[in-house]
Structures are given as structure tokens and as C-alpha cells.
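Several structures are given next for inspection.
Both of the next two complexes hold chain A, though its partner changes from chain B to chain C.
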Partner chain A sequence: MTPPNASITVTVNGEPRALDAGITVGALLQSLDLAGKRLAVERNGEIVPRATHPHAVLVEGDRIEIVVAVGGG
Partner chain B sequence: MNDQQLLRYSRHILLDPIGIEGQDRLLGSRALIVGAGGLGCPSALYLAAAGVGTLVIVDDDEVDMTNLQRQILHREQSVGRAKVDSARDALHDINPGTEVIALKQRLAGDALLEQVAAADVVLDCSDNFATRHAINRACVATRTPLVSGAAIRFDGQVAVFDSREPNAPCYHCLFPEGGESEEVRCAVMGVFAPLTGIIGTVQAAEALKILAQTGRTLAGRLLLLDALGMEWRSIALPRDPGCAVCGEGA
Partner chain C sequence: MSNDILKIGAREFSSRLLVGTGKYRDFDETREAVDASGAEIITVAIRRTNIGQEPGQPSLLDVLPPDRYTLLPNTAGCYTADDAVRTLRLARELLDGHNLVKLEVLGDADTLFPDMTQTLAAAETLVRDGFDVMVYCSDDPIMAKRLEEVGCVAVMPLASLIGSGMGILNPWNLRLIIDNAKVPVIVDAGVGTASDAAIAMELGCDGVLMNTAIAKAQNPVLMASAMKKGVEAGREAFLAGRMPRKLYSGAPSSPTTGLITG
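This part shows the complex of A and B:
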């Protein structure tokens, strides 16, 4: 069992970050003030579907990239 | 194919994955290109040169001096002309065998749905998110494969959304509609000239493979380019089960 106040290390956009164990993709976006923005979240080389953000729990060593939509043409 | 066509397209016909059969498919196919700017110009050049039978090019804009840095179908003497007319003339000079239908308008609603339904492949070369989502909805509704490209500054994104395939993701699975981020236009952000050529020609390659029914497309993947460091990344792109456009709840 992971104690409730334990932290995990996750790489976000190339930078290691200490996050609360059990944090979800959705909570991470909220903490970064990115909720509702035009972007996608990539975890370990795969886009995390938006419907699963609220219950996709991050684990130690995850590599997260925030992919911002490009619209120009 | 007549003798002239056999000669003209011989370097495609020599390729086993294309051959006479694939080239015949290109000659008999119809592609819709939305946007005759940085991405639409190189895409259209390669589709016309490769012999795609009919190209429908849509854009409501006129050629501006600031476009010439990257929009390689347009010439200095075309400044002020409709982009689609300038594009049609340039493409005709390269391959009169390709019929170019030039539509100077912002396609929406039923007119958009009609053009998408008539196309064998759609290339999204547009410059705004509202159009991108409208094209996506029309492609999902008509099960028309969509080759989506985007470029700004030194960043490029390209993907294929092929709603003919079961469980295929769509553009809306990737990026939500009406998100808060502001429109990022070339006019304010700048764009590296050959970036639009790189992304636009990847779009042309994917469209030609879809039309010739050959190879493995980018379906289910998003390709990202950082042209300043010249790094490509390929990301897996699954369908969002909650997608409002193509998901179970749609």
C-alpha cells in the first residue's frame, strides 16, 4: 500500500516533477492550469483519451508530454 | 492509360506498391483540399503532378505579399488574385491532365458535407480550429478519410483519421472543440517557410497512399515535427470512447 502522502516522480515535458501518489491526468492538468485548453496529453508515447483523464492514475516513472494543438496552415 | 500517361507516370508505375493498378486509381480519384496556403500549395502540387484525376481546392482568400514566402503555387504577379484561381493556373501548367475545381468560398454546412461526400480523400490544410472541427465532423459523418496537417512557427503536426476503419479516432478525439487557447495565426506567430512544405508533402504522401490503396498510413498515429531541432516524434492515437463526434455517445 502506498501511504496517502507519498510522492512519485513523473517527467512532465522533459522535466522531472514530484507529484502526489494517486494523482490522475485530469488533476495534473488542473494543477498546471491547463484544464479545458486545446491540448492533448501523451503518456509514454500514447495519447490518453480525454474521457479517461479523470481516472487515469499516474505512476512512478511516467513520461508525460503536453501536446498543444497547432492550427496554422 | 494511354501511351502519354504510361510515360508520364512511369516512375510511379515502376514502384511495385503502386504499379499500373495504383496509378489508375490515382487517375480516377478525387481529392478535396481545404486551404490554398502554406500546406495546400505543396499538397496540391504533388497530387496534381502525380496525376490525381480531380482536385477540388477551396479557399476564400486572396494572395497577399506576405504569403509568397512559403505559399509556393502563387507568384508575385498573383498578389490580389483569388488564391484558388492562382493555384488552378499554376497546377494546370504542371499537369493539364488533372482537373482542378477552384472554389472561392469558406465551405460550411451542407456545401461542405456535399464536397466531402464527393471526395475520396480530404486534406485539411486550413488555418483555424473552427474549420478543422467542421471538416472532421463532415469526414466522420460520410466516412471519408481525412489527412490533417498543421504548421506554425517551427512546429508541425500531421495525422490521418480514417473513419472507414472500425475504432478509428477522429480529430475531435485528439483536440477538444472550443478550448480556451487563442487562435495561433501565421500572421502574428510567424512560420518557417519549408515547415509548411514538409508537412504539406507528408499530407500529399498520405493522400496518395490512401487513393492508391497502398502502404501503411498514419491512421492511429500523430506525427510531431520540431523543425528547429529537426526532431520527429510519432505518438499512438487511440479513439476517445467519450468523443462527442465519433465516440459511443455520439
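This part shows the complex of A and C:
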């Protein structure tokens, strides 16, 4: 019997999401179909460098921003 | 004119027209207009990704690849220095360390007039953090000088309000800024048509940045081409040095002798 995964709540682009405890930024991007896209991630106001996405483990209450470039002046 | 180089920080450009990528009908129109403008520097905005959108959808950077253009991420929509700094740190991460940015901190949602106190604070932080900052500002010569002094690589005063198309409302302030500046002065905002761009360049501006004047023309691609020519014509006229203004001269262009009526 595997115990059910504990869940954490993380705010992603302003929306709260229930995620598996221990999930990394890389795994989050994968689950959102964003892996490999040109984007940038910020956690609690600090940049999460691309190279660290596979190791950056999210914790309860994290505020994540995922941004892209769009048309603008 | 091939040796007339615009130098911004350590970067060199041959086009003096900088264009935005907002307000176009679609990516095809964006790309065609950018191409017709001849611009090498194009601004982009940084926004939350639309989670759940179709994964196959093209993104702006597929259409305008960073290896072909110098992207200038902006802080449009930011009302505080902190938000602007955060946005540009995200942009630098997004663009693999690219550090040339456009700072703008707005003070009012109706006029989109810049908040110069917040702008100056953000500029200081960004310069310390290693950014090359091109800064949107009011046409206040003192403020433009302060921004240069804190290390901005270009000052970009408004000609009139963002998106207004009202043209060059205070050429004399622009002249004061140009005469005092040791960094490029680029008119950013307010240009409505090609003659406005030409006037800015004739005043001695080093470049013109625009978005709405092209994107909201009836034919954006044709207007992009017109703006390219307006900027080039204005630049050449500035370099050529215009004749002095006289109310009348009494000196016709044709010979005054040899007239058959003599």
C-alpha cells in the first residue's frame, strides 16, 4: 500500500493550485504543457534560473509566476 | 549613409527606427510591419503565460526570433519601481541573459504619463544590477539628465502621450534634452505619422520609437515603410543642416540677369 501523496497549495499566475508535495518547477511546467517553451519563472519574487528548474522543489504557499514575451510597445 | 551608426551602450545599429509589436491584428501583420519598418530593435512586453492555451500555438518569439532582432523587453503596465525591476529580471531570464531593456513606469492609467520618481528609482536599481537601460521619460530636461547620470544608456522622452498620435508637442524641450545629452535621445511615444518622425529626427534626436502609429494605421505595413523613410529623411536633413529661416529673402533661385524682358 502506497500512502496517498500529500498535497500542497501553490499559487501559479495568481490562481491557487493543489500540487503533489515534492513537485519541482520542472515537473510543474511539464504538467502545464509548458516544458521546453521560452518562458521565465519567478518564485516569491525571485527568479528561478532555467538550469535549476529540475531541482527546485515547491513548498506550501509558494507564489509562482510563469511569463512569456508578448506583443507590446 | 551606411556609416551613420546609432550606438546604444556597446551595441551598434544602422536603423534609427525602433518599433513596438503590440496592437497588431495577428502575428503575420506584426512580422510584415516590422520587416517593412527596417527596425532592428523591437520592443516586447512580458506577461503571465496563458495556462491551458493550445500547446501548438505559435509564440511572438517564433515569429520574431531573438537571433534576428534586438529585443527590447519593456515594463509597460508597471506603476511601481519594484514591479518594473521584477518584470525586467524575468525578461533577462526569459532572453538568456539579454540585458538591454526599456524601462517605463507609469503614473496614471488615463494619460499613461510616466511617474518619474519611480522611474528614476527603478533605473538606479537596474543599472546597479547590470542592465543597459533605455528609459521612457517625460520631456523634462532635468529629469533626462538625472537618468543619464545614474547610468541609463539612452533617454527616451515622449513627444506626446502614449498612443495619442499627437506628434511633437514641445520641440524646444526636446532640443534642450538633445543639447544636454551625452547618450542617445530617442523620441518614444506620440508620433502619429511620417512627418512627425521626420521632425523628431530633424531636431537632432538619435532615433524614434513607435508602436500605435504603425499598428493602428489603416494599412500598417505601408505606414511602417513610410516611417522608415520619414526617419531616414529627417536624419539626413539633420546631418545636412537646414538653411536658415527668413521671412523673405529677395534672392530668387534663378539668375536675375539675362532676362528677355530686360
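In this text, the second predicted complex is superposed on the first by the 65 of 73 C-alpha atoms of A that agree within 3 Å, B and C clash if a C-alpha of one lies under 4 Å from a C-alpha of the other, contacts with A are read in each partner's own complex, and residues count from 1 in each chain.
Here, contacts are C-beta pairs under 8 Å (C-beta built on N, C-alpha and C of every residue); 3 or more make two chains touch, one makes a residue touch a chain.
The shown structure was predicted, so the numbers you read here are calculated from the model rather than taken from an experiment.
Enquirer: May I ask you to decide whether A:A51 touches chain B, chain C, both, or neither, giving the answer as first, second, both or neither?
Expert: After superposing on A, A:A51 lies in contact with chain B but is clear of chain C.
Enquirer: Which holds for A:A6: it touches chain B only (first), chain C only (second), both, or neither?
Expert: A:A6 sits against neither chain B nor chain C.
Enquirer: Would you check which partner chain A:I66 touches, where first means chain B only, second means chain C only, and both and neither mean what they say?
Expert: Touch partner of A:I66: chain C, not chain B.
Enquirer: If you tally the residues of chain A touched by each partner, is the higher count for chain B or for chain C?
Expert: Chain A has more residues touched by C than by the other partner.
Enquirer: State whether A:G14 touches chain B only (first), chain C only (second), both chains, or neither.
Expert: Only chain C is touched by A:G14; chain B is not.
Enquirer: Would you sort A:R38 into first (chain B), second (chain C), both or neither based on which partner it touches?
Expert: After superposing on A, A:R38 lies in contact with both chain B and chain C.
Enquirer: Which chain A residues are contacted by chain C in one complex and by chain B in the other?
Expert: 37-40, 42, 45, 47, 49-50, 67-73
Enquirer: Considering only the defined contacts, which chain B positions touch chain A in the complex?
Expert: 35, 37-40, 124-129, 132, 149-152, 155-157, 173-176, 179-181, 183-186, 189, 191, 196, 222, 224, 235-243, 247
Enquirer: Flag every residue of chain A that touches chain C in the complex, lowest number first.
Expert: Result: residues 12-15, 32-34, 37-42, 45, 47, 49-50, 65-73 of chain A touch chain C.
Enquirer: Report the residues of chain C in contact with chain A in the complex, numbered from low to high.
Expert: Per the touch definition, chain C meets chain A at residues 20-24, 30, 43-49, 51-52, 55, 59-61, 71, 73-74, 76, 86, 89-91, 93-95, 162, 209-212.
Enquirer: Spell out the residues on chain A that touch chain B in their complex, using ranges where they run on.
Expert: For chain A paired with chain B, touching residues are 36-40, 42, 45-47, 49-52, 67-73.
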